[in-house]
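Naming follows writing order (A, B, C and D), and every chain is counted from residue 1.
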């Protein structure tokens, strides 16, 4: 029960970018920073929202700003509620009020929401006390949510891998190979790191021009320890879809090389993933990478200089 | 030490639905929304309960309602406790009470449980203070539970994959193939997505009529990036258990196609799974899917329109 | 670079139970409930402690009791501290004290630790206020720990799989096979469930009597959906290490069958594992399992009765 | 589309330690405790920081000390803020102040940040109340962070595997083999444990002296249950890169054996990983490990003594 033999040109045609992409696109599919250059339309706004993903994805500044804004808005709403309970609902037996009733109610709300409860202002009557009951429940729920989100944001496994700015086509074992380099910028170790390299280009088939995808086999597709750096190598041998291609032919077919790196963060024991891509214009021909290694110091410890990650020299 | 050769008709007979299902059932096994159509009996009520799963599975409205109800019930119980401590147990040195002793005790309980503690009402005597000690402990435990549950609900990895309403039998490489389409409705990316497709039908074997299961090999069972859409394809070649079947024969054998999709959510680095199923009645013959792709706009970005996901045209 | 050919009798000798187990043991290795019957000696007490595992492993009653005990002890210690600050350190401007100075200090400590702070008792002087500062910090840390632990306990993925009380040796495809059944007691679904079955027995080799391990190949070792039940089957064909064994010979060699089931909890998208074992005495020969399936009701929904999971009939 | 044949000496050359390590280093790559002996240079300080990893990686003493320090600093800053609001901003209607205005403000800040709020000191005026609003928000955020971090630290899956101090070259099945032993020090079980063993040495190639890496095939590379101990065995057969090597030749080539163990913690259902390494100097030739097993006691339970893990005897 084997799959039918297929026209090699159709192999790996459908890689989640859709089965037939006959219309031409001038844009790369994947940006160098790993974000996709695509658009999913036809979803109603609410369907496409995923608040959890959005709250995790925004910057810390935006997140903390949003938190503060929600805090202020909730306290303003409850302040208006306390005002609506009438003049005797909040009393200050021992201190002077600020003189601005809204502000008094707002500060009382803060002391309630945050469960401080000095008592210098306190509620009198059923209405105000019911509002306090509601606010305390809302406060508990919101604090629980904020706690969970802070933790989730903080703990989200985000690898910080630096890729060389260009991929190169360099001499390799008597032939040539497509290569790029990656290094771990974090002090945390990554282990069991695997790489997938996809090659995408437009091909003309009759009247249609369609984007096809090929998976490029690698010299090695897994390293046990990703401690210093890794040079990912696809040998351009006769069976490679890149065999015989030139800088010009790759540019003409809008070639793009899509990279997915997966591994396990050693500290967190969590999987991490990172993507990047190289277009035909980001290829350098006849270059090779310079060594990353520093001469060992007096202590004999092996070291690299990540600033040289993208540096090449003529091959 | 190989497994013995088996009668092909018995292959994959037991897929977790039980080894012998000789009795006839008119229902599908798996609903389109991924829930199972089965019943596990013989468990005592308590055994089958899994409070954590149930608290995670309910809607947000029900969950927040339950939280509020628990909050009210606990505070009512403690209010009764404070009342039982006698008239002097709670004092209001500076403010008037509401006049209703239960309400005073209830509001005091709220201020204690939520750790607000204005002090406008406070406990006097050993009994009331011991009750406060207990309530503060209960409060800490319940707030801890609520915080954990809110976070767990929020962070639960739930993919939102839309499947085409029908599967189709369409021309494919000179023959035909069974196909369906799926698209990611979330803005978050899924990577490394794998698909398993099971085919289930009733077969008559002597006097017994039993449900058998077959795993259908796919043209590709994994996509690296599930960015736009994926057309899952099972080629109906001579070795396929579907070879020679018609719409009528599939309906007669109560055929059902069970789908499991697994992948990794890129933002959360967490595995997600989603199921669906197609019955014989949900198959369309001699159709093909229309293209999902929009003409690229001025910016040249590739886009699809998910509303067309289920649209077909005559092949 | 292949591993050297090995004496079949040595195959899978070392499965984490240690390479040479020449001394005889009368006990089973693994209990029916999945706990191991082994002892790791030579560790200093502190080394072998893993507080997190122990706090997760204890019963809810024990855990909540421990929490309450820690709460009381901490508050007693701080109460003693406040007493040591002298008679004027805690004042009650508006209410009468309980008359027992330790109790007043204890209740004040509770109001501080739980961050209630009514203010009916409050600290005066530098010493008492410094102690409040310390207690508030301890309170925050302990509440954080308790919150985390409650959540971790609640969310710990624990599958509840019921195994048949006995394994059976039953007719299978013209020969015989070793079989046992398992069913999911939880309402949550398990998917992608895999089974490993190990066979362990004592063998005499020269003067030594040592426990050897064999992995038994299964008719199928994975089910996609573990919805109702799964009958795990090892066919006793000539290549099986069980071929030719009898109830007596298995008992004489202290045979034991170790089972590991692994799968993914559908709700939590988390891996779960469960173990069990069958000794030679827990084998039934010449029996077969009765059907678990209920006649479908008026709604035609497929159902099983888990109470029949261990029921057998003569083959 | 197969990878090109490679010079065996180049096999597995690049294992994440970088492709060309031509410069000599006197240090081992991996310490016995699993930390790496490498240096990643060229990163700006902020880039290489990963606060979450650092907060998880520090000792409990350092972490709690840091927490206390942050707590004190924040309260000091807010105390200064309250002082800046002027003499009437904090009032003590019922108690005497400490007489030191900074201390009064500091204790008030503690009561606010920790949400205690006795009310014996309370804020008056808009400025002080705004500062309270800010402090309550900062308090919520910091408590949320601390809660998350405490939980993350506590729950971080950390296996405690003890490795034998030396690896040995011992007789094995008529030849010899490289072996080391490992035992689980935790009471929690590990299941599905896999081992990877890498062999690294310097080789002279023309003028260059470069470090090459080889993966050593193991007699078994996975145990289902890691209950007592595991003796990891690499048979030194003719295809092994160790074949014909001596203690002297390994020392001369600065040989190092890198070990990665991966498994699943049974209680947490979480993956754990642990690394170690043996240098040529940490090899013992012509020894074998003594048995770890204790004579079974009256209860017949199998037991080991981990203190003997590194003990060897002449082979």
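We adopt the following convention: a contact is a pair of C-beta atoms (placed from the backbone, for glycine too) under 8 Å apart; a residue touches a chain by one contact, two chains touch by 3 or more.
Every value quoted in this text rests on a predicted model; they were computed, and no experiment measured them.
*Asks:* Going by the stated contact rule, which chains contact subunit A and subunit D alike?
*Replies:* In this structure, the chains that contact subunit D and also subunit A are B, C.
*Asks:* For subunit B, which other chain has the most distant CA centre?
*Replies:* It is D.
*Asks:* Would you kindly state whether over half or under half of the residue numbers at the subunit C/subunit D interface are used by both copies, giving same or different?
*Replies:* Subunit C vs subunit D: different; shared/all numbers falls short of half.
*Asks:* To lay subunit A over its twin subunit B by CA atoms, how big a turn is needed, in degrees to the nearest 5?
*Replies:* In degrees, rounded to 5: 90.
*Asks:* Calculate how many whole Å lie between the centre of subunit C and the centre of subunit D, each centre taken as the average of the chain's C-alpha atoms.
*Replies:* 25
*Asks:* In angstrom, rounded to a whole number, how far apart do the mean CA points of subunit A and subunit C lie?
*Replies:* For subunit A versus subunit C, the centre distance works out to 35 Å.
*Asks:* Any chance you could list the residues of subunit A touching two or more other chains?
*Replies:* As it turns out, subunit A has residues touching two or more other chains at 94, 111, 115-119, 143, 147, 151.
*Asks:* Provide the residue numbers of subunit A that touch subunit D in the complex, in ascending order.
*Replies:* 64, 67-68, 71, 75, 94-96, 98, 100, 103, 106-107, 110-111, 113-120, 143, 146-147, 150-151, 154-155, 160, 173, 175, 183-189, 191-193, 217-220, 223-231, 235, 237, 239-240, 264, 266-269, 291-296, 299-308
*Asks:* Which positions of subunit D touch subunit A when the two form their complex?
*Replies:* 1-4, 6-7, 12, 14-27, 29-30, 36-43, 47-50, 52-54, 56-57, 91, 93-94, 111-112, 115-119, 122-126, 129, 132-133, 136-137, 139-141, 143-145, 147-149, 151-152, 156-157, 196, 198, 215, 258, 260, 262, 270-273, 275
*Asks:* Taking the touch rule as given, give the residues of subunit D at its contact with subunit B in the complex, in rising order.
*Replies:* That would be residues 115-119, 147 of subunit D.
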